[in-house]
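Before anything else, here is the set of structures, which you'll find just below.
Two complexes, one shared chain (chain A), two partners (chain B, chain C).
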Partner chain A sequence: MNRITHILRDQKLGSALGMLVLVVLWSMPTLGLLITSLRPSSVAEISPWWEALFNPLSTVWTLDAYQNSLDSGMLASLINTIAVTVPATILPLMIAANAAYAFTFLNFKGKEFFFAMLVALMVIPLQSSLIPVLRGMVAFQKAFHIPLTGTYASAWVVHSAFAMPLAIYIFRNYMMTLPKELIEAARVDGASNYQIFWQLILPMSVPALASFAIFQFLWVWNDYLIAFVFVGEQKAVMTYRLLRLLGQYGQGWRDVAAGSFISLIIPLLVFFGLQRYFVRGLLAGSVKG
Partner chain B sequence: MSDILFGLVAIVIGVAASYGLYWLLNFIISLLPERVRLKSDWLSFLTPAAVLVIMVLVAPLFQTVVWSFMDDGAKEWVGLKNYVDLFTDIRFLQILLNNFLWVLVVPAVTVAFGTASAALSNQVGPRLESIFKSLIFMPMAISFVAASTIWSYFYAYVAPGRPEVGLLNAVVKTLGLQTQPWLMMDQGRLNSFLLMAVIVWLQVGYSMVVISSAIKAVPEETIEAAQLDGASPWQVFFNIILPQVWGTVMSVFVTVLILVMKIFDIVLAMTRGNFNTSVLAFEWYKQFFENSNIGPASAVVTILVILIMPLMWLQIQTARHQEALR
Partner chain C sequence: MTSVTYENVVKKFGEMTAVDNINFHVDDKEFLVLVGPSGCGKTTALRLLAGLEEISSGEIKIGDRVVNDVAPKDRDIAMVFQSYALYPHLSVYDNMAFGLKLRKVNKDEIKRRVTEAADVLGITDLLQRKPRQLSGGQRQRVAVGRAIVREPKVFLFDEPLSNLDAKLRVQMRAEISKLHQRLQTTFIYVTHDQTEAMTMATRIAVINKGKLQQIDTPQNLYDHPGNLFVAGFIGSPAMNFFPGKLRKDGDKIVVDTGDFVVPIPAAKAAPYKPHTDKDIIFGIRPENIHDADFVPPNIDAEKVAVKVDVTELMGNEIFLYLVSGKNTFVARVDPRSKLRVGQQAQVMFDMDNFHIFDASTEEAIR
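Then we have the complex of A and B:
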């Protein structure tokens, strides 16, 4: 007993043990679903996944469930998700960077007040404006016969709008750290604000743009609500299809599992590949909900 | 294939159009006489963002508040009826209680786990630390819907006699206890707590990363001085490190608190608000998308906005604080 307490006192070992416990706890649920998605359907429903974990060599592993899932609509949904996500990441980036330039380097009446309003808006739940936006789009559609709901574009607009407060906030915080003398010098040389923004500020802001882009990408990719309301059934994104699968009883865990992991591959690649930028963004306050 | 092509074209056109828009705005401004131009330059930078925010965020927010005083179809004024109906409905009071429990439990637990894992990872050397952090952090890349499938499977219940697939019930069985349909059990709000575990699982990584960077910024001398005085690792942590990172811990707490107040997807995906697990944001969804009741749905979300208002003030304070640091 004395020895055990002595070992636990050893900071490094004790910490490593504590970490190990946490990591096991944290990975268990994901591991279970991952293993299930890789087993043949004949055994996945009758034998628990941990049996495969303990005898990995005598287990049959297969990618059937992934093939099935892709063939039964997941591939189309993957494309829909990409078509929603990429513009919904780039557009707010451009719009917010422009606005942040005005908030950082230009003077206008009520600047501080508007900025405080923007920060306050970061807290507002998106549910509070979805119904009026949806009804507005439907009314517009009826009046002008231009389809809005059920298109990618409506999701781009709504995602861009909801990204504004956070994006402007992050970009402004970053732009404030850029050397003011440089901008002054460019002004003296006769550059217009338009030129200063595109040629000087935007290239210098790449780190902030990158960390916000990763954040927005993950957010849009993983979003369910906006995709459900504005894109819906016709161009079902992956979260939409997964939720339908999960709601159907008797669907079998294996298909849901494979679908989940197909939806996870790209965000996980982005996440692990660009983790450093993502963390930098988090530290700059990029969290929304 | 045509979908991919269409998507690519849409992406290019969308980006080009937004660049064109700024070029056009700048062009219009540049036509103005010099004196006006210098004073109105900011308009060409701010207008698109302002239009988006006003049309998609601000104006609809006011519209929602107005609709909360109207009937199901948003046609007739009904005064305070929606609010009276909600607050006299025992089901809605249960929902408020659920939201309250979420707010009470999740931010505190998340921050506690986050602080603990940040402190642990700080002690084991850079290599183990980065592996450990990545694994704890990974759920941040996972959608609420995918997280729900992962955890529904973890909580899965099968009829007695069939082999278990859910890990929780397998553990329960090994301990010689009765397996349970966990997500249906609302005794003591057990199922709500099980849903909360999912959010804790998703958010601890974030909390760990932010708090860990604060811990790394704690001056080495203060820790060494305490160690020389013979303080134990626990004493060093609680008396030296924790007080210095407390501000960061609180800001993480507020961020998670805001997220939790709006909690929605997890409830939708895992229980559809059944078995007493509904929360405000889910009730909004149900009132509008299942019952098409615009008035009551707007009232529910207005209540949520009012409850969240005090946090706006906190958010502005945090922003000021961050700015002062620069």
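Then we have the complex of A and C:
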């Protein structure tokens, strides 16, 4: 007894237990989704998913739902989603990093004003500017005969534009913490702004870039609205396809569960691939102490 | 031939004048130390030379070339920063090679220079490490190494030793001096530490409130400070100051502080004659005040009555904190001195070594 209270008082154990509870709580829906997607519809419609969890051996497992969702073009949609998401993550990342470098390390007229304007732009909701942007895009493609709507590129442009204020803000705040002397040393060493950006600032900003990349990636991956408005049916992304799978009366919900699980895999890989950048203290040791 | 010249250099930050009309000339191969209290503008003066700040007015020349509008990278200088400013994601080797790679020096030459510099600085076995794996002293060496490999015409140091502990600082001081002798290049070094200035410099420029106070060899600066600030700044413990008046007493000129009167030796009196009856400040260094029992031979000593306030035994000498009327001052006396706290005594002022400053202009009278 005494020993148990002693262990409970141990803070590390306490927080570990807390974490465990959170992890179980948070992964429950995902687990439910997985099990549902693997049960035949005849059973899934009359008993809750945890029954299958508690009696795994007496349950019938099937890949029907996966077959259905793949047959309806889930794989093509997966490709479409990747084609939209990857450039829509890298493009704003690079543009915003460049802009943040300028806002942090260069002196130009109206620097503070422009930065304030950019930050202010964050308050404009996506939904309110969606249609004006679309109309602008239509006018643009009429004027220059460059097809935009219905292509991947339209989603890249719109996603990049809407990500820009927050990305610049995050990167600038991060770059402000980089020691100014490093840039000065590089300048004396003979580096141009371009070289300083590519060879020093970018490698040192990896933690900020990676955390933004994760958020932007997940946001674009899960986006329905922009993909629906700008890309549309021809190159249907997964969120669009999932809605179609559900059907008019919601009858396809098991197929949706399977499709959701397919769409989940890549974000998970991305997160586990980049998560170490959250914890890495890249700067330790560059300046005093 | 790489000299450095400051001509009427002014740097303003908004309303604040950081560097106020500075003029001096540094010869080729000189080791000039800019010294002054923190916030005096010495670092700004150096950054102007490096091209990291823009000059408000005046000219800076490296050799015969005016560099006001020349980018830092084209000035042929290398700088060592107070915080070392090593690139955290690059190895020691790459840190040192960085500037050379940018200048498209060929690979073998880079390798040769880096290995050679690493050898000089004793960091050969650290070349593959990252800065975060190094101690303070090692980082400092890498920062110096990064400057050496560039083979610049002028080396700039901005308080490079101030983040090191006392022992390491003494060691690095000697190493930088050695480096200067070895490289035979112009060094310009900023510090607030007068010991660093005195030990390393061929000449010292004392700066206060953005103004150049005096520029001279360490010995001359110590022996003949041009004004009250320099006199108080150079030397440790600092020079003692006594406000007073110059007076004629018969055919002699005497210093009258109100608490004691000391005559100026006849041989030295000439410059002070025009200043009789004026307010002055009388200065004398602690080592020129002696215990009456241990006065060195052949000096022109004058008695002053004092009370001993505090004694500090340093082993090879004793610091006496003395009181004479309203003045307290320090004497650095022979360790055999028998003077004890609270004792009334007489000490001897060495009147071959004193300084007199005009009380209003604070300039030395000599």
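Observations
In the analysis below, the second predicted complex is superposed on the first by the 224 of 289 C-alpha atoms of A that agree within 3 Å, B and C clash if a C-alpha of one lies under 4 Å from a C-alpha of the other, contacts with A are read in each partner's own complex, and residues count from 1 in each chain.
What we mean here is this: a residue touches a chain if its C-beta (ideal position, glycine included) is under 8 Å from a C-beta of that chain, and two chains touch if they have at least 3 such contacts.
Note that the structure is predicted; figures quoted are calculated from it, not measured.
Which of chain B and chain C touches more residues of chain A: that partner is B. After overlaying the two complexes on the shared chain, residue contacts for A:M204 are found with chain C alone; chain B is out of touch.
Of the two partner chains, chain C is the only one touched by A:P179; chain B is not. Once the two complexes are overlaid on the shared chain, A:V188 sits against chain C while remaining clear of chain B. Residue contacts after overlaying the shared chain place A:F54 against neither chain B nor chain C.
The intersection of chain A residues touching chain B with those touching chain C, taken from the two complexes, comprises 192, 282-283, 285, 287, 289.
Those residues of chain A whose C-beta lies close enough to touch chain C in the complex are 179, 181-182, 184-192, 195, 199-200, 203-204, 282-289.
By the touch rule above, chain C contacts chain A in their complex via residues 50-52, 71-73, 77-79, 81-89, 98-99, 102-103, 130-134, 136, 139, 146, 150, 163. Across the complex, chain A is touched by residues 3-4, 6-7, 10-11, 14-15, 18-19, 22, 26, 30, 41-42, 44-46, 48-50, 52-53, 55-61, 63-64, 67, 113, 116-117, 119-121, 123-125, 128, 132, 134-146, 148-154, 156, 162-165, 167, 170, 201, 204, 206, 209-210, 213, 233, 255, 258-259, 261-262, 264-265, 268-269, 272, 281, 284-285, 288, 294, 297-298, 301-302, 304-305, 308, 311-312, 315-316, 318-319, 322-323, 326 of chain B. On the side of chain A, the complex with chain B involves touching residues 11-12, 15-16, 18-19, 22-23, 26-30, 32-33, 36, 45-50, 76, 79-80, 82-83, 86-87, 90-91, 94-96, 98-99, 101-103, 106-108, 116, 118-133, 136, 152-153, 156-158, 160-162, 164-165, 168-169, 173, 176-177, 192-194, 197, 218, 221-225, 239, 242-243, 246-247, 253, 256-257, 259-260, 263-264, 267-268, 270-272, 275, 279, 282-283, 285, 287, 289.
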